[in-house]
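What follows is subunit A paired twice: with subunit B in the first complex and subunit C in the second.
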Partner chain A sequence: MAKNSVEINASSNPSTDTSIGFETMRQKKRKSQLTWYVFLLPSFLGILLFMVYPIVESFRLSFFQSNGTIENFIGLANFKLVLTSATFWNSVWNTFFIGIFQILITIPLGFIFASLINSTPRGQNFFKVVYFLPNVTSIVAAAMIFQFVLHPEMGIVNFALEAVGLPSPGWFSDPSTSKWGVIFLAVWHWIGFVIIICLANLQAISPEMYEAAKIDGASGIQQWFFITIPNMAGTFAFLLITGWIGALQRFNEVYVLGGPNGSPARSIQTMGAFIYERGFTGFEFGVASAATYIMFIIILIFTFINLKVSKMKL
Partner chain B sequence: MSAMSNKQAERLTTSFKFIILLIFGVLLMSPFIWMVSVGFDRTANITMPFPPRLIPEEVSGFNYGIVFENGRLIASYINSAIVTTSSVFIGVSASLLAGYAFSKGRFKGKKLLFIVVLCTLMIPMEPRLIPLYTMFNSVGLLNTFWPLILPPLINGMLIFLCKQFFDQLPDTLREAAQIDGAGEFRIFFRVYFPLSGPIAATMVILAFIWSWNDFMWPLVVLNNQDLHTVPLYLASFSLENGTSLGGLTMALATVSVIPIVILYLFLQRYIIQSIALSGVKGE
Partner chain C sequence: MMLKRFFSKGSLLALAFMFILVAALVGCSSDSGGSSSDGGSSNSGGSSSEGSSSGGDGEWAGQTVKVQLIGDFSMEDSTDPITGVKTPGLHVLKEEFESQHPGATVEFIIMPWEGYTEKTQAMLTSKEADVYQMPGIADFAAQGLLEPLQPYIDADDEFSLDIFIDNQVDGWKALPPESSELDIFGLPFLGDARFITYDKQLFDEWGVEYLSEYPTMEEITEKAQKMTGTNPVTGEQNYGIWFRGDWSSAFTLINAAEGLGGKWGTGFAWDEIEFQFNSPEMLQGLNWLLDMQELAPEGIVSNQGSEKWLTKDNNIAIMLNQGPGDLVEQTYAQGLEDRIAIAQEFKDDSGKGGLFAGSPITIAKDSENKDLAWEWLKFATSDFAQKYVYETGAMPAVKSAAEWDNVKEVSELMNPVFEAMSTPYTPRYPWGSAQPRFILTSEIEAALTGERSAEEALQKAQKESTEWLENR
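Let's look at the complex of A and B:
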């Protein structure tokens, strides 16, 4: 760039002496620097207004008793209230339980199906399109459909379970099985994403490795275990992180299935739902802000643990 | 002889795999298939048909008639369309400019500012919910579309994807234009913007999906039923009626899902590529 400016100056007015040339060059450089900031202006306006300010303000609010108009400084009382609240810890437990099983089921299952798709010569694109379809439908509509799919009396899942002589659970009508209903829905909705990401990365593994293994006489299963799986470590880490962060923020489907308090008996109330309930049905802004900060910190901790464990560079 | 049986075994495993894939595909699709079937079943309007059946006993558009008659679904579609197109336009434009600057720009603090952008990726919506709510409340913009349109102005993921795309384009393009004396904006709009088609399409698709499916924030800022977006209308219908109106709920779900599915089937190649692209970056 600097070199170019010299060239431009040199070519446009070759007769001027060098000191003037440097002067205009510097001016030009400063002006072009300013132009770059103009490029960034809209995005950074957004960052200031919709990211930095809310994060700082929310931190401040968490030390106040507030309903949006009247504020009283109460120190750490909100944090104490949240951290000693059984309802909050229940929501943490629900969030973790649903998230852990969603991930433990979906990633291996999705990877197996991605491998199967990758190794079939026919209909690859067809399967991709079909498997990804649940993921494009909004989770709200999906939750609405699953209320019926998992309905204890008229749903198709229990009908099928009974037909083969298995016990039929109460799903969303029973606090002891409702979390499994959400997990069922979450696996159904997320598996397409896992498959697409796995497929993209499976196809990026160099075919030479497989050829070398074939020459050494490795079977298909051996190749899968010793070439494919180690090469997919980064992908699994990525899915683990995005999946877990998404799971910690779970709200939409549990709101549709159980309302803000996660009925039945708060069995599916997630952290997000707890925050919504306190903030926007109770208008306890201070308490809700403290809860969001605790959730934010939990998310950050897990992001860093995940990054460390998977040794990913960001 | 052994080569022959090897080939046969291979063919057998291939068809076995194919059948497993097919069965799993049907399982994944079964909620949709059942949804469409119940929606068209006249008897489902009174009680859900049991045992579940694939072909409705009495095929009729009765449930769909009710869904459209009430008008709220179409209104919510219009609302969603307004919100989504505006927010996508704003978010994609701002991110194109910023992504280009982070890729080709030479200015002080570039690295630091880019780290700030990456940090925004780690900030979830929840801790911002209440301050954003009070902010839009204080300027009297609750129950308008502005709270849904303006915050997508900043989208770290779009900026990141856009920067990566421009990184792949050669600098020689701008050097040539620079020698001709073009300013930075001219260079961007004349040289690089016309080349940004593929990444712009990806950004539009991703921003569209995020905005169209957004739920928690709209739920907080839109109390007025007339302004409800599609997900909000579905949720309020579902919470009001639970599982008491099977046929109607399924018809409503069908109508809400079908346009997206059609769009998806037309654009599937690009959509799947976009999703894969936003995911592969984790590598």
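Let's look at the complex of A and C:
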């Protein structure tokens, strides 16, 4: 009996030790979590103050006629005004036109450049730096330089076109070519990023796959089509989605090139510029807020479509 | 137990880090509220607050006036990168004002022109300053955010509105809330004007007579036509005329219509305004601009083609709708004083025409030091401060400027500028910084780029502007 009792006591001791040990671990975990929450607090406050509050306030403003100080509740009138505004839909068209062609040109071109750089035995880092440089250049400065590069009379591009006997367009002084001027600028600025991302993926593809293909008699082009491109799907999807969101938010370069009303003749006014024009030059904060939420919904819908098309898992 | 856990080493370290961070941020920020900082600190980019203390006793002891200024002002002395001219810092004004008003302190809040309207609105809402430089005075007066100045003017025997260049005070009058009578809410501080400039050397080379003081559209057309082509002396391609087809084209067109006896419309308060953007005079004016475009270099709708203006290689004879800005300084810095001349914009039958521009200074309704703010307004429009304004490259708004020695030295350019400042269209265009301006500008661009005919463009501008008014 005594033995049994001792055995019971003995057997109960480890269980008590485990419980104490378990609690200590939980305490440590909690303490550690608390510490990290303290570290997160400044960022969290920043997010609350500079993101959550403006988002909520902007939503509230979209139901008011507001110039910043005087406000009148007008229900959905701002949304109606924006959705029936030809100027707004023109800005949507401009945004999509510039965005679609930027993506259609930059991703394939960047991928080709990345493939060429990847297959170069020497000077890879040099090419990476050269192509990435535009991406670290301020888009505002780049836009100002592009005004000179695409100057209708003194620009180097028109000089080159004339030298080979081609017609020289008016670029930013002609509504039919101004969007292409912005597209060229956007392609030049973004292509370095696309190249670097593609290169990272290219270098992660197993060389064994290429070796096996070579043994089976596949040519370089066949390897590129049947090994490289299928293995790049995830990267293309990532570039498509990030590029698309960036394209729909386009503002800085068109503001520098054409002002808030997207001169000439609103041909390069994007949704962002429309919002700026109404909000910050005309003091129509309610209209600008409603346009912002409509733009948010447009981005949401097209990002959803992009996710479905690219089959990307978040 | 909780307390023990909370005050554990890690948490304490984190808290300590946060306190240090907050202290560092507070320590690094500029002092805008107190009266103990030094006025000589630097202005870094966007906006900055500069303060200092004169301290001591005196009539104004303990009172501070916060003054918001827009543009290239700086507390420290600076050197113009183009002209090499040294510009004194705002400390000059501060020292003089504080010596004239013992015990008072001036603090400056400097902001760039970029987005000045929304920043001013935010500052007014948060009661950030007592005195504001305020080109958009009409919007703020209508919100009841500004102090009416007539009572101060009436009560002050030392002050008279006669010191200002003609039309300047009238031009800045604005409507208070729920009233239809214009009132004085601001005093002219920075002058501005629009005029026509031309290059006399190109006129000489082409054998064309200089522009008259008040040229007509026919005169401009005839002379610009003669000077477009290959220069008979230099063999270079010359253009008869240039104007901005984008940003300021609405004002160029309105001025052309004024020259033909038309106007932009009527009214001043939004509920009284009626646009006349599609009037016969406006149509004739836009057709004239389309004709002038043929004599201009490519790129006027994207602010291109005038890169050689104010250089020795200039290839443009006549520039429409120009402002004083850096004109005088740059003309002299480039050694072009014998080449550049000024003619007046088109005027209507009453002798008025062209954009009224510049900056008035105002007192915020919520200011707690209105008497000292009024003292600042008087000081800022005195000869001392106005001479300072001129030395910084801006235009003074007082009549006496014409008699200053440094103005007389450049009187050939300055006298026509003063003349232009006294004859703009007043009251100024109330829609000048609102949506109708952008609507009209975009439609002028559409006409200039062949997207629409002049008539269609103006009809569309009229329709959209009227709809905008109705939806306000």
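Quick note on the criterion: the second predicted complex is superposed on the first by the 278 of 314 C-alpha atoms of A that agree within 3 Å, B and C clash if a C-alpha of one lies under 4 Å from a C-alpha of the other, contacts with A are read in each partner's own complex, and residues count from 1 in each chain.
We take it that a contact is a pair of C-beta atoms (placed from the backbone, for glycine too) under 8 Å apart; a residue touches a chain by one contact, two chains touch by 3 or more.
Keep in mind that what you see is a predicted model, and the values were worked out from it rather than measured.
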Partner chain(s) touched by A:N261 [first = subunit B, second = subunit C, both, neither]: second
Contacts of A:M154 with subunit B and subunit C, given as first, second, both or neither: both
Partner chain(s) touched by A:F225 [first = subunit B, second = subunit C, both, neither]: neither
Partner chain in contact with A:P42 - subunit B first, subunit C second, else both or neither: both
Which superposed partner A:K128 touches (first subunit B, second subunit C, both, neither): first
Partner chain in contact with A:N67 - subunit B first, subunit C second, else both or neither: second
Touching partner for A:N201 - first (subunit B), second (subunit C), both, neither: first
Which of subunit B and subunit C A:G272 touches, first, second, both or neither: first
Superposition-derived comparison: subunit B or subunit C, residues of subunit A touched: B
Partner chain(s) touched by A:G282 [first = subunit B, second = subunit C, both, neither]: second
Residues on subunit A lying within both footprints (that of subunit B and that of subunit C): 32, 35, 39, 42, 68, 147, 151, 153-154, 259, 280
Touching residues on subunit A, where the partner in the complex is subunit B: 1, 4, 7-8, 11, 32-33, 35-37, 39-40, 42-47, 49-51, 53-55, 57-58, 61, 68, 113, 116-117, 119-123, 127-149, 151, 153-156, 159, 188, 191-193, 196-197, 199-201, 204, 234-235, 237-239, 241-242, 245, 249, 251-252, 255-256, 259, 271-272, 275-276, 279-280, 285, 288-289, 292-293, 295-296, 299-300, 303, 312, 314
Residues of subunit A that touch subunit C when the two form their complex: 27, 30-32, 34-35, 38-39, 41-42, 65, 67-70, 77, 81, 87, 147, 151-154, 170-175, 178, 257-261, 263-266, 277-278, 280-284
Interfacial residue positions of subunit C with respect to subunit A in the complex: 5-6, 8, 10-11, 14-15, 18, 21, 115, 117-118, 121-122, 124-125, 139, 143, 145, 245-247, 297-302, 304-305, 307, 433-435, 438, 441-443, 445-446, 448-449, 451, 464, 471-472
Residue numbers on subunit B that touch subunit A, as the complex places them: 14, 17-18, 20-21, 24-25, 28-32, 34-35, 38, 48, 50-52, 93-95, 97-98, 100-102, 105-108, 110, 113, 116-118, 120, 122-135, 137, 150-151, 153-154, 159, 175, 178-179, 181, 183-185, 188, 209, 212-213, 215-216, 219-220, 230-231, 234-235, 237-239, 242-243, 246, 249-250, 252-253, 256-257, 260-261, 264-265, 268, 271-272, 275-276, 279-280, 282-283
